[in-house]
Amino acid sequence: MANHNEAAGELLAKVRSTNPVVHSITNYVVMNSTANVLLAMGASPIMAHAREELDDIVNIASTVVINIGTLSTQWIDSMSYASRIARIGGKPVVLDPVGSGATRLRTETACRLIEESLPTVIRGNASEILSLSPAGGATRGVDSIHTTDQASQAAQTLAGCLGTCIAITGERDFITDGTRSLSVANGHPLLRSVTGTGCAATVIIGAFLAVEKDPVIASAAALAFFGRAGEQAAIDTPGPGTFWQKVLDALYTITPEDLATRARITES
Amino acid sequence: MANHNEAAGELLAKVRSTNPVVHSITNYVVMNSTANVLLAMGASPIMAHAREELDDIVNIASTVVINIGTLSTQWIDSMSYASRIARIGGKPVVLDPVGSGATRLRTETACRLIEESLPTVIRGNASEILSLSPAGGATRGVDSIHTTDQASQAAQTLAGCLGTCIAITGERDFITDGTRSLSVANGHPLLRSVTGTGCAATVIIGAFLAVEKDPVIASAAALAFFGRAGEQAAIDTPGPGTFWQKVLDALYTITPEDLATRARITES
Amino acid sequence: MANHNEAAGELLAKVRSTNPVVHSITNYVVMNSTANVLLAMGASPIMAHAREELDDIVNIASTVVINIGTLSTQWIDSMSYASRIARIGGKPVVLDPVGSGATRLRTETACRLIEESLPTVIRGNASEILSLSPAGGATRGVDSIHTTDQASQAAQTLAGCLGTCIAITGERDFITDGTRSLSVANGHPLLRSVTGTGCAATVIIGAFLAVEKDPVIASAAALAFFGRAGEQAAIDTPGPGTFWQKVLDALYTITPEDLATRARITES
């Protein structure tokens, strides 16, 4: 439907005009790159993990993003606390279960965070999402060994049971709340050769949730925007180093009209 | 005055010829980018936060930079200890009070560090500097919601009371020790769309303090140099990804003569 | 000998076809850049430091890389544990003793890790390697103040005594197990103006060790590959920012045939 693509453009304009503060408790690997993603697109990143300042930080933030890519006991406690106070305060929370399925600590932490305070959106690759479903699933590391198609049914069931929105990213992106599902066809294979592109997708969803309450619509718009940036960045690009800088450029230069025209969101 | 601009060029030449070691205890988000800034300009970065090695590290370092962007109890203790031994050893310390005013933990930590061992220079955006003055001031996150003009009077009073040098960066940079004040007009708006550019300004001040004892002169020269790199990087640049790489290139290629010619430091 | 250069090309092809998982416990400064290096070249990075998940992580990994660039007590324990279980499990371990010689904590930690579970390869700059030899040696920070030639004899003796492989990187790279030694002449001076290029060399050695058991051959091939990427990236490049992105591009685009032709590995 054209509606979803037009909505994506409008939401991008809203992010740019409201400049939402997105708080992340995330892994060390992607802190710099995801902060740059948020700034480039017109949002305002803040990173903080000390228990002592989480009340103040969540109070300032429009959205909270939790990413379990490099865990430790203290950080898990902070993730748990920030999620809970954000949900109590009515603020959207996005969970990125990096490496869930690869280690017991990661799978258990993801499940604990989901049980304690249901995230608004869970964004993972196919293997990570499969690892959260009752059927389970193993993975080899932080990179997916499953396709979106292999995980979409499980995502639909899980989203329905939990009452949340799940976004699988991959060659095709799939977003579902159990009853409604959208697919996003934007993107480029070079995104797989840069670290933290999944994490980048997650924080962009966070920024869009600040301006759109429907998590399925917000997530699809965010993923179309990021995928479109990848497409544009790949033109005449020799490799992943130059590519990532051009992704940041594209997040800055893509207009709402560009996005409305080029987004490829479909019902599925 | 032309003098300050010529001095900036000379100080850059001294940094390049002496290759000073700048020790940072800084936030996770900018560790990579500020290390690259120091290397590109001709200084030598070292990051270390373990209490057990701070005596050895500070002993090697020419300058110590403390940046409170991602705090935790242990790191605050290390920041406090490193500042104290640096000052006792007669070495310059630069404090970057990232997000002071946004959370009580950050404001209190910045104030504690200032009280325990007065930094040689405090570099922040307008909101951060306002948060340190008795009048106080709130901010929305880590990005400033005030202009340099709104904070310059408070900075002048605070610097005079404390007996230190305060540098406000923004559209216009303002450096003061309470009696003398300089302004720097170099810079480019794209610097606001990249994370850690304030933190980058801070470490560059750190490198210049290794070769110039007067903190007002050193800070103005450093900010003119960084601002000039931003101006040069912005030429024909599509967005913040490409821009930042060109900033690093410019920090490497700008000559002392370029800087002496293009710096725009004025008394104010 | 042409053999070593041809072998380098073949090993690169094997890395690309097997996509080995390289686990790093490394410093905060280079986590993002070394993850990008591994992805660009066709390996799969994973970072994890929590004691609770190291068994699972090392089990998944083909190689473990330990880098002591930003230490703390808890991280040292994790490094120690991961090294030991990797060696028990028959997996290669690469140690990067960043800043050994600059502080007692770093020198002692490097020595402790070597004693507890001998690494397959120790990769450092000349000053770091000298600091590990009985004669000792001081260094000024994390950048070398010695040349490869000044450290090659000590490396040969140390490698022979320990029964391991030592790789010194610098203007010329030198790899030795005490009896056999290889030199690599690939590389470019701009690599010294980017942070974490030594750490990048270390993870590339880690990836090559996943496909080649002989650590001297694997290390020489890895360093020729990385050096070649530096040479290619330096062509028409204005400075270190642009240069590093082109290094990542080159790690992605250099073919096995290119490497076999351009590698400059010699016996020494």
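Quick notes on this one:
Order as written gives the chain letters A, B and C; numbering starts at 1 within each chain.
The criterion applied here is as follows: a contact is a pair of C-beta atoms (placed from the backbone, for glycine too) under 8 Å apart; a residue touches a chain by one contact, two chains touch by 3 or more.
What you are looking at is a predicted structure, and each value in this text was computed from that prediction instead of being measured.
Chains that touch both chain A and chain C are the following: B. In summary, the pair chain A and chain B forms a contact in which the copies contribute largely different residue numbers, shared numbers making up under half of all those used. Chain geometry summary: the mean Cα position of chain A and that of chain B are 33 Å apart. Shared interface positions of chain C, defined as residues touching 2 or more other chains, are 28, 31-32, 244-245. For chain B in complex with chain C, the touching residues are 21, 28, 31-32, 35-36, 39-40, 44-50, 52-53, 56-57, 60-61, 74, 244-253.
If you check the complex, the residues on chain C that touch chain B are 27-33, 69-73, 99, 102-106, 140-143, 192-196, 238-242, 244-245.
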